[in-house]
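Which chain is which? They are A, B, C and D, in the order written, and residues in each are numbered from 1.
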Amino acid sequence: MNSFGTLFKVTLYGESHQDAIGIVIDGVKPGLKINWDDVEGDLAKRRPGAVGTTPRVEKDKLEVTSGIFNEYTTGSPLHIMIRNENVISKDYSHLKSQPRPGHADFVASMKYQGFHDYRGGGRFSGRLTAPLVVAGSIAKQMLPFEFSHELIQVGSLTDMSQLDTYLREVHNQGESVGGIVEVRVKNMIVGLGEPMFEKLDAKIGQMMFSIPAVKGVEIGTGFSGATLYGSEFNDVYEDETGKTLTNHSGGVSGGISNGNDLVVKVFVKPTSSIGKAQSSFNLESKQKQSFEIGGRHDTAIVRRVGIVLENALAIVLADLYLWSKIYK
Amino acid sequence: MNSFGTLFKVTLYGESHQDAIGIVIDGVKPGLKINWDDVEGDLAKRRPGAVGTTPRVEKDKLEVTSGIFNEYTTGSPLHIMIRNENVISKDYSHLKSQPRPGHADFVASMKYQGFHDYRGGGRFSGRLTAPLVVAGSIAKQMLPFEFSHELIQVGSLTDMSQLDTYLREVHNQGESVGGIVEVRVKNMIVGLGEPMFEKLDAKIGQMMFSIPAVKGVEIGTGFSGATLYGSEFNDVYEDETGKTLTNHSGGVSGGISNGNDLVVKVFVKPTSSIGKAQSSFNLESKQKQSFEIGGRHDTAIVRRVGIVLENALAIVLADLYLWSKIYK
Amino acid sequence: MNSFGTLFKVTLYGESHQDAIGIVIDGVKPGLKINWDDVEGDLAKRRPGAVGTTPRVEKDKLEVTSGIFNEYTTGSPLHIMIRNENVISKDYSHLKSQPRPGHADFVASMKYQGFHDYRGGGRFSGRLTAPLVVAGSIAKQMLPFEFSHELIQVGSLTDMSQLDTYLREVHNQGESVGGIVEVRVKNMIVGLGEPMFEKLDAKIGQMMFSIPAVKGVEIGTGFSGATLYGSEFNDVYEDETGKTLTNHSGGVSGGISNGNDLVVKVFVKPTSSIGKAQSSFNLESKQKQSFEIGGRHDTAIVRRVGIVLENALAIVLADLYLWSKIYK
Amino acid sequence: MNSFGTLFKVTLYGESHQDAIGIVIDGVKPGLKINWDDVEGDLAKRRPGAVGTTPRVEKDKLEVTSGIFNEYTTGSPLHIMIRNENVISKDYSHLKSQPRPGHADFVASMKYQGFHDYRGGGRFSGRLTAPLVVAGSIAKQMLPFEFSHELIQVGSLTDMSQLDTYLREVHNQGESVGGIVEVRVKNMIVGLGEPMFEKLDAKIGQMMFSIPAVKGVEIGTGFSGATLYGSEFNDVYEDETGKTLTNHSGGVSGGISNGNDLVVKVFVKPTSSIGKAQSSFNLESKQKQSFEIGGRHDTAIVRRVGIVLENALAIVLADLYLWSKIYK
């Protein structure tokens, strides 16, 4: 449920407004000297601040309670905790009667029989992605690959030089937007992925859809490749390393990395919390009624989610990378 | 690796040109009287025959060796085997030196150090999806939901009444095409999915990308929703059952089914095997050279894959459905 | 449920009196040329024939349907099936009303709501251990260790040279006996086992208790060590390889192999089926009544179970051996 | 590795002398009002103080950071952390060159390439069992069964009224002793356990051997039953509930609970740390040499381990109990 991976395995816990969130990371190789500046750097990329992101700024101070000795990893699980500070104890109890469209309020209430912590989205909060960023940042330090991500669409905008202007406008309308992020891994090797159900793309699919607000995942060209002929879509091998000129396959063949850039495109839906009034069913009044979501929220969560997706991908790769060693 | 699921669990085996393929199904409830006509009906939908599908027709005769007693399931694992008949023992050894673009030949050769069975794609063959269809068909019989699928795009074609004509034309050009399939589940209940990593959409992502040729997965509206505002994308609740008028979320909120139709859209790439000549690197001659893929293959595998996706989805749901019972 | 292991993983299926039993083996390294004579040799050790073993002799003909190509393993899962031949279709239906003491009849009936296949013990039959022997035999071929087992007690007998005489006597009394088997692995290496819950001894415990009739497991000296002082029980290191003169720890320290012989002792209970009449509750007559178990059965199943335990141990070691490679 | 269970799942972390140890508990049903006094009561039973136990007394203050809202469990994972206080920062570096007999020092050094935290046994410390006690205590609150444990042998002593006197004597000799604990569960139901590899006894075996110092596990009568005949060992059913007069099977038939008392006997080896001098190989001097283990340690860890075993068993049962609901 809250664990992902087999050999490199993360276990998440926490809810938005309780004491802490955190992660247990199993399978970090002994003797790794973690570069904590890199970890902090990745967390900073996730942190709000830019136009279109929430003003809830948390320091995300990491408490590493276990798994490090004399600055090196010990081979025991790492446990890293982040206290939930800057939690405004405003009244959230209206969420019990007024489930917000797009949020998990309604399903959580039904599934957990009303006992869920609804404050700030509880366990469904994007806040849970902070420990994932940490784990992924460590994963990247175990891997010989090169990770990056970029925003390729925000709302109807594809020219990112106009992003701040565009998001201010969206915000002023009381609206939100989603978008598309491309994550890319260079210097890949051939052979990551374990058919039939631990294929590279299968594990990427599982991981990406685990991240809040993700509603679509493509490997390589994806859906727009529907109009191509086979002769156009097929990536032709250029040499004995498996290098191809085109990369419609996104670096994955038969569920196994083929050595070309791994390219994953992810659709992140428009932020569910918006400024303008919405009308939705109220469980108490038993009728649809208008309401406004107050509080702090992102106009475009997609702007911050890139590093989450990148690092989540690193977790997938770290697991399959260790797996690829077993017959060596 | 070859197992999927926790409580309803399938374990696949087999390769295209060896003796048999098959599946072990764990977690079928005791006392189920399987409707084998329904299973055969689903297999028939996968079987070729229509324009644009391969002429390799297999009878897919099921051998159920275990798990049934006096016509009812016993609670022990079912084992169902399908012999590989109609295997033409042509010479496939050229595939060792000439990996086919779009296929897994190259990565399999590297990963399995040349020991893989390359005949007919080996374990990467679409043939492995037949036992998956069987397991999914049984899964559907354990579930109170209603499953269907439809082709919504094939190549550049979106009007399916023209499909035969279109595919003949594609075939005559020595080409292939891919497409998009929508799988839909009606009569859903609220509550399927176990955050954080066994979310409904996460498990769907893992399963769908496990199926050969799948390169994109959307839940609900998906990528095209990037241009919508939050107020447009949010599905508004109409009543206390969680019913919404729009269904951009595809029936999944916070990774948990919300009771609305579950809608999954899957992009299947153009069939990698095409009639016309291709030029790709040859590992023996150490240069790019032209070659033709002979043999029988589909012009549009997407035409047959719908029932595979539908039944694969049923496997996901059967697992999470059992999971949803544990606190009852 | 029916799977064991992570990297070297077996999935069992089958019931005593249905068409077949079998096993799917995942994680066999590609390029292994399996010595089938060794596999057959191990199966022969399990097969009855000696004094005190059942006259139900099966040929155990192996059908290897998948995973081998040109005599070498391909890296895909092996599937090996054994048909249930020599099944006497006698009437077993009395078992529905008269659960046999020591057998699983009663619990199976309750757990599977009466739908279980009760013939010959169904899935609880010792017959299911045949595929396990096969898988273990293959596991041994992947490992650099040396496996053996020996009977150290049968009933009250500890001098095995008298075994045939003793068992004839037990049989003539209409009785059965259990015993203790020691499995030993030489040429071990240091480092197998993954704390906290995939420790070497933990996985051995899980595996051994999975085998029918096993009711006790010791690593090394075990229970009789309760009377020793710490200074006596502690194994003292002799050199830098970790070699110790005594081996009370049975080759496991902190759940990890320490390079000394791995020694596992297993208690196998007296065969539940006995010749003489027993009195037990009858579910139909609603009272205790006398009955006799007809059919073929072992006087001392412990005589045949040694190779099962040895090979089951090999499965455990194969999994942890692959695991030990991941940081190489 | 550090996780146990499927539906009720615990993930452990921590090392003896780092900041904290802790546990993530997945699968606690929503709406449980945990009785923390019971949890503290169980922890108190594990805490030293009695004759023969270490003077390292920790307060074991629990920090529950997640999973509780308004005093009830939310359905999200619980995270419970215990700070390592009372850690004497003495010099442990001699352990790098002088691995202690019976401890994991040697194997840990080899397996983790010298990067393990050797202070106080690191992750192999019995201290890690404190969070396990907490999780088991919560598990017991989800279950309708009645748990208990008792010491049945300590060293050569079987009359526990003499225990304090005996242990003082052992301590004065600079020695340690082990012993045997019996854990018992009353009010069991029929049907817990999932053949073939998630059998009740198999999971008990895995769990018990995961606990430091455990070197033997019996279900019911165990090894001493080797001398019994089948007619003596078989438990005869008295009525339709499956009640038996004898309980040689320890409440488990075919790997499934049969409704009678679940009886598990566990052998705990003599504490490895002893007062008197030992001679063992020194990795630096390259010869055997005499040394003394200073510090605080238990004369008879077995005296404190009972509650650990009892609660560990509860974790196993909670998992299988949830599993038993899936077809309801």
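Just so we're on the same page, a contact is a pair of C-beta atoms (placed from the backbone, for glycine too) under 8 Å apart; a residue touches a chain by one contact, two chains touch by 3 or more.
Chain-to-protein mapping (UniProt): A, B, C, D = Chorismate synthase.
For clarity, every value in this text was computed on a predicted model and none was experimentally measured.
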{"item": "Topological distance between subunit A (Chorismate synthase) and subunit C (Chorismate synthase), in contact steps", "value": "1"}
{"item": "Furthest chain, CA centroid comparison against subunit D (Chorismate synthase)", "value": "B"}
{"item": "Averaged-CA centre spacing for the pair subunit C (Chorismate synthase) and subunit B (Chorismate synthase), given as whole angstrom", "value": "37"}
{"item": "Between subunit A (Chorismate synthase) and subunit B (Chorismate synthase), centroid-to-centroid distance (C-alpha), Å", "value": "26"}
{"item": "Inter-chain centre distance, subunit B (Chorismate synthase) versus subunit D (Chorismate synthase) - centres from mean C-alpha coordinates, in Å", "value": "45"}
{"item": "Two or more partner chains touched - positions in subunit A (Chorismate synthase)", "value": "1-3, 12, 27, 30, 76, 111, 123, 195"}
{"item": "Contact set on subunit A (Chorismate synthase) toward subunit B (Chorismate synthase) in their complex", "value": "1-4, 12, 99, 101-104, 106-108, 110-111, 123-124, 128, 153-156, 170, 173-180, 190-191, 194-199, 201-210, 212, 214-223, 225-240, 242, 244, 248-250, 253-258, 267, 269-274, 276, 278-281, 283, 286, 288, 324"}
{"item": "In the complex with subunit A (Chorismate synthase), residue positions of subunit C (Chorismate synthase) that touch it", "value": "6-7, 27, 29-30, 76, 195, 322-323, 325-328"}
{"item": "Complex contact set, residues of subunit A (Chorismate synthase) against subunit D (Chorismate synthase)", "value": "1-3, 9, 11-15, 18-22, 24, 26-27, 30-31, 63-69, 72-79, 81, 111-117, 119, 122-123"}
